[in-house]
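Next come two complexes built around subunit A: one with subunit B, the other with subunit C.
Then we have the complex of A and B:
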């Protein structure tokens, strides 16, 4: 008896813990990937052993140092701001790495350790700026930013000179150049002129001139090459050039050289622009190197097919060597080296290198030429391609490593189940067909069972021998052969994560390791813009559940050039485009206004997508007459226009074989200059397990579960110049505003989670200077009007709305709710903090029913009394010390276990983990002590046997007495 | 279930780690130098200065893993120099939440107010009473208190833990008494046995049978101690 009691006690002790991680669990099922973003400046580190590291500055405002051996991050510093404030200059010499960010900070980093050496704030954020080393010294840095010239000591960061530039109202000085103790600055006055000013080291003007140029635009490409100023006018495709102290521009049309320009681009050949030649990408496919002399611009070298080039010094002769790369075929790029002075090709260095087609065309290269003993040239080449990837190539033509930096700009994510194993599939197949006769079925049955036995034994052997067949990925190898089979595990915990990125590259990641399984580049696809941020849609049309049909996903974007819709349909497990669709995606002939995934399947279990074009015509993909009929008059769509800030609801009607959207309601949310900032619907296919809450008096409070409800937030500025936020809950079928609420003196960005019968959203309270989270919950009341179906056309009486606001202690970047298979498990809210943590907050704390004065019945229901601040403890940080930054979104997905929800947070970094909101109630804990339980059980059996024997003996003795 | 919910709640509501150690921070020594403000000619901008100190680490790795975030770091971030000091430049007058971001260590966030004249005041972050001032010295000084306790301690099963559990004691002791004492009595000398039997018969004569058992036990216990082991009793009293 006592032992059983003891056992029970021990068990209750074990289960009574909360949901934090154990230290030995760290990294077992979570992983993090760190990225730097799209590289705009890169150079080989010169401070330690030359070329050991690569210093990069990226569009995401990150300065980082990468090991050139393996591409791993040595250090990384994430600067403030977002994509618009990218780094305009990166300078490196010996012991300093100076970055000038668009947010107007000149910072000097230690190239070896990455800490800050000094920081100088400079004027003018967002305006064009540039920094250079002053010629021959490398000790002083000249900066033009916000129409001010600075001269700063590279060693200490002290300001040597600060000078406002002339005519700064009309002219923007974005170019700086230093030559023989003069600092030249070039400014652009739009449609008027280009001015050149030269200062000496004391800050006195030595030279000033304005060159008339009516063609010049603020975004004209102007650069200084050698002592010459070159501007490229992309409207007339003309190159204008002049010496810096010249009197007028000389113009030459690109077509005069025999080129056929299309969006030409100027390319600097060296980091310091010190040579009199420059590159030009003529039409995105071909390039040329042009030289400037007294007579004007002439062609130095025509470079067909080249898309990236750089000039590097020959390590021996110090001659300028021009290195060019371009794509030769879908699988290869070529590398050609030229002597810049003579234009002759260095033939023994030319190469064809295998670089997979999904990387696209080379965009930028950084070359380091090294001399080997046999007087052969060796090189290291960092290749940045269209897809933001970084590849380090060596002389042998082998790629040392690849960094897929596109994953720093993931826009949407879906998790797709892996297919079941072959044996399992056969098993399903057996029951699937009933055409076979009884003998055939018996044989089939026998075969499958034999196979099952075989795999079972194999697995057993495997288990005994230890896991040999763990994911085998050949790293470094570009096209690693996927040796491990992608099959579903027992609990469906491992999935394929499909991620669509802003460059149009789509990735398939294996969720247990984060390794890339496949990647596919959509060269023509660019994201839509929605409420000020890019959006690329990713929808699952057919899940893995319909064997033998393959699962199917679709990416919806728009065409780079035409702006029309593009659909890319592919198998999410392999990344291969579905048969009969082009690999670049299906180009639609119209612009997409809205789209939605229909809830019904077609004959092949595909959920069609309804796409609304700008002429209010609705298309189905794939087309299906039956479904067309089915949705006629019964389907509704809505749009929320960014431009007019109006929401419009449509009813879909069939008219002579085509579907038309007919406007049924419109709501203008743009009054008082409000702007729609987000529209959030509930997750498609979300399961709500319980229809209501059981109250203390044993009555049921039914949830208001309207599947057509969307939460819309608008932001604006009121009459007293104070910001405000409105949150509307709108039924998108009837256009009925179910609930709205107004928050004064708060501003966004509003992050909103909409699930079941509640909405949780965060904002910044300007008055009290703190982040707040508001919770709105809706209930139908103690009676449910229609328990089987919800109808927006016959809505129940207005819901009982409960709301509550809480203080959230730290700035947050985004929120999401966990989701599980059946919706039985509690929901937790995942909150990504700006400081790098991801916190799991229980819904009990974000409950609108938390009472200010708790009563016994609240206690009985388990409602926590109201406290303004949401408490956070370190154990709630599910990513422990694996900080992730600039998080844009969190995607949650159910697994095969009801207790477990999978979560991926994506931003600059990616973090994946499992969340167990109600703990692992359906699985034995991993530290479950089998040995202990077994020992206790066997001891008990033993004890019962012995005592039985003893008792028998005793009874016997007693009988003899 | 209910009990569990409230227990959990208790744990979480109890002032979180940051608040708990407020007094710890107060006991730390601060150094204060004169408040510096930098004024540009055109627009007045100011800067916040301070120093971060992690006493437990050596090496410079932590310098790149630590940033100073102002209001979440959207627009303003301070980076550490090799000695752990930082300056956040280009600040307009206003109030800023200053956080130290480091993956491994926990720091107390604070609020810094800058007036339009450039006077700088640092105070503790108080989200509930936002106007409450509990001033902190300026320039700011952040000191890591401990490694952030992200992980839960694994409960280890120890025999002593279980035995010392009051429930276990409550259940085991009577069982022991029930099982061991009769044996001991058997072992005792015939005199006491006789004495016991006497008392037992007396008792059973006076009282009901069911209540007799327990009473009998305690009585026999006293009898046992009283007669057979006076030495051990003395030892216990010491």
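Then we have the complex of A and C:
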């Protein structure tokens, strides 16, 4: 009973420290941006007023509807699974929007509201699937899921027909086409043949044929255009075509048309592929439209420089109009319209439109032609570019809105301090130089103080006039219209968020509003692949603290073509590449195996990056002889190979003016088919304020703070076919496994936070079917073996390891720990839930020392007794109702206030807020009554002066008596 | 206060007797009117009181010297009653007793002037010891209340982070 009471007390005390947001605080310092991702299918909505909305399906498994007026999301539905490109078809007719996703579900959404009208599972073993409306009815949908044909009513979702396809074990039916009451299915048997099967509406085979095709591959580009099947073999760059009921393929090499193909691509000209022509992107720069007739494939129109095209019906004549776009110069794209039948250009419609160079080349267009008054043709064009951005263009050539969808695929984030204001900088400058004589210094001081006074008065006037309303974030306004001054605020709470995205586009966002300050496209950069997901590194080489030196950031990726490393060095405040570096980044002449930011500065306060290449040579960027000498023998690097599941440690040695990495240890973690699933080091430059914990008897339990420690997790399947996880803590200098633990019957994905002397990681317990979080803490004991230095080569005795596991009530997608300037404030764990919430969990709950049987000393220390569940209250959801989905990472950054940590969660959506783990202990409360306290103070001073006067007078009178 | 008054009056007696002695040496002068020879006796009694005063002085000095020691049991009792929780009253009490002992040390020379007699040195020493004991008790109280920085944890804030002797970095192989 007493334990329960104690527990309740402890819980109420602790949850009290988790301050919730008040209603009027919502949105004052947090913001959310919602994205849909890279568009793969798009069409103008036909259900309401035509063209008011755009329906899109994206690579991120999202089906959404956007207002064509402002680009805002009308509704958005995120489908399950993280498989990229899994929405294979998107169909739209009057009142239905049908998506086929993940080869698992055919779903019908209401185009107006986004509500799910019905869903049908269409399970197929295959990797390819397609759905179409059966011609002329629009009431039935035919779906192939690789090995099964389904016919489904569009209205109710009821299954009309389910038919297994012939030879489906060897043939993959990925294409479907409907023509005059017949459903054609095209299947591919790799390296053998292409099968064509036709069914009638009752499910009986009407036609069956196999066309020999030894060149055909599973990933060959095959499409049905009109009544023809067209395949593109990218190895020989040959186009194969045949009528659907034909007997054999006719082949024609692309070079026969005079093209110089380089990874050509087939492009459908209409959504339903009903016309007998198709587009082809020849080499990423030029395109052509090819037509198919009885004689085979012929060139209809050569389209140099075009990279995206579509055919749209002329609203009046119903003629097919071919719309093509391509990049003309770095700042402009061109738009050309042709009559598809004659191939003649509609000259009065062609124009040049300004589209900034950072958008790259157009990739996809969706056009809607409308007839307006004066028989002029108007159009609305949705342009999807290389950088995943969506731009809606109008007839006038004006872009109505821009959506930067690259921000849905942010890979890494850093927050950089804003520079101090000009006045402040001058002030710093004054104390910086000692060369000036007294008079000059006095004049300088006078000037700066006058300037300060001036700005203060201006600010005061501004405040009085109430001009300081907040800029409200508006999604995608090209070229930031209102310039705002980028200077640091008093508490350094506003920063520039630098975000590197998977397309190689780097953004600078203003942290208080989320507005895009700058963007820079690295056209040649592609991310590395790590555990099968993309990884682009972003490092801060020089912070803003070193005035007059500008801050410097670097993005590390690899070259799209060569695979060699690329470094893009830029100023994070402006996004401008650093002087003497190309804007496309510095192309290295080697492949990057690993890299690390060195902890020491060079003479210009730049932290060099050590890059390990595949030949175990180490390069420094920027090169520096002094640092080369400094790191000789004291610098170590390690790599974990995903192929061999071994970790290798290297010592870096200087050998005749170059640095070499010499292998010093190797650890094979791949025994029993284990796979390394994560390697997590501590944050670089993490401040740990307290070196130990104070126990109830007032002795100290020193933390085991090994800066070279990394947490490695491996997953595998044991002898009883049950999954397991191993977690190793490895000293990367000596290769010593400091600690390891084994979890039976659990599987990943493991999400891990590694900070100070603890590791927190989550996994899924298969036996109990729940998510669990395990905490491991390491202590050196009551004595520090060496209080000044930490050397991994002379390590302290093995740490005391404490661990505990807890049940976490929700599936989670990622975790991070808050960081603050000095590390004095408590650390909280930010957990992004799959359901859309971000929860702030106190470390007290995730404490490995929580006792099962609490003793008085535990209470004195404030340790909560162990209970398996981690309680979550609504106040802990720091994003209140601003749900964010598919969160891939959370980045935390210190602010100028010790109490405040800045947090940005990124995934499909972006959410930014401040976290105050120990409340605002260093700031006066917002409701602090300055006026009242000021008034009381001045009244007291006044009263004391008056009473003093009165007392003196009285004493004088008394003296005279 | 009372002891001080006594002291003053004793000094006055001393002065008077010295004056009378001075008078005795001048016997050729006529006795003042109304002066009786009984005064001669009083001289002899004055000799008797001289010894008496001496013991009195010693006694008084002992009183002064033992005063701090006498306070100790009371102090201990009060401190025991105050308990070890850190709140304003126990801290005030400990502070007061500390302060008093230190004050006594500061005024030790003035107090020593008052201590006279044959056992003065011993008394001074006892007085000193008594005050030391007072300080010790106050310090002990501080210690038991946890106000003294005697544990490792009290110095934890000053422990510098360990310097890294080696640096390492890396991660999953990127190519």
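Following the convention adopted for this analysis, the second predicted complex is superposed on the first by the 893 of 961 C-alpha atoms of A that agree within 3 Å, B and C clash if a C-alpha of one lies under 4 Å from a C-alpha of the other, contacts with A are read in each partner's own complex, and residues count from 1 in each chain.
Quick note on the criterion: a contact is a pair of C-beta atoms (placed from the backbone, for glycine too) under 8 Å apart; a residue touches a chain by one contact, two chains touch by 3 or more.
Remember, it's a predicted structure, so these values are computed and weren't measured experimentally.
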| item | value |
| --- | --- |
| First (subunit B), second (subunit C), both or neither touched by A:606 | neither |
| Contacts of A:21 with subunit B and subunit C, given as first, second, both or neither | first |
| Partner chain in contact with A:591 - subunit B first, subunit C second, else both or neither | second |
| On subunit A, positions contacted by subunit B and by subunit C | none |
| Subunit B to subunit A touching residues, read off their complex | 1-2, 4-6, 8-9, 11-13, 15-18, 45, 60-61, 63-64, 67, 69, 71-77, 79-82, 86-87, 89-90, 95, 97, 99, 101, 103-104, 106, 109, 111, 125, 127-128, 130, 148-155, 157, 162, 165, 167-168, 171-172, 175 |
| In the complex with subunit B, residue positions of subunit A that touch it | 2, 5-6, 9-10, 13-14, 16-18, 20-24, 26, 75-81, 103-105, 107, 110, 113-121, 768-770, 807, 809-813, 834-836, 844-845, 859-860, 862, 864, 867-869, 871-875, 877, 880-883, 927, 929, 932 |
| Subunit A partner contacts - residues on subunit C that touch it in the complex | 146, 151-154, 156-157, 159-175 |
| Interface residues, subunit A side, partner subunit C - complex | 528-531, 535, 558, 563, 591-599, 610, 612, 614, 631, 634-642, 649, 676, 679, 681, 684, 687-688, 690-692, 694-695, 698-700, 705, 707-708, 732-733, 782, 784, 786-793 |
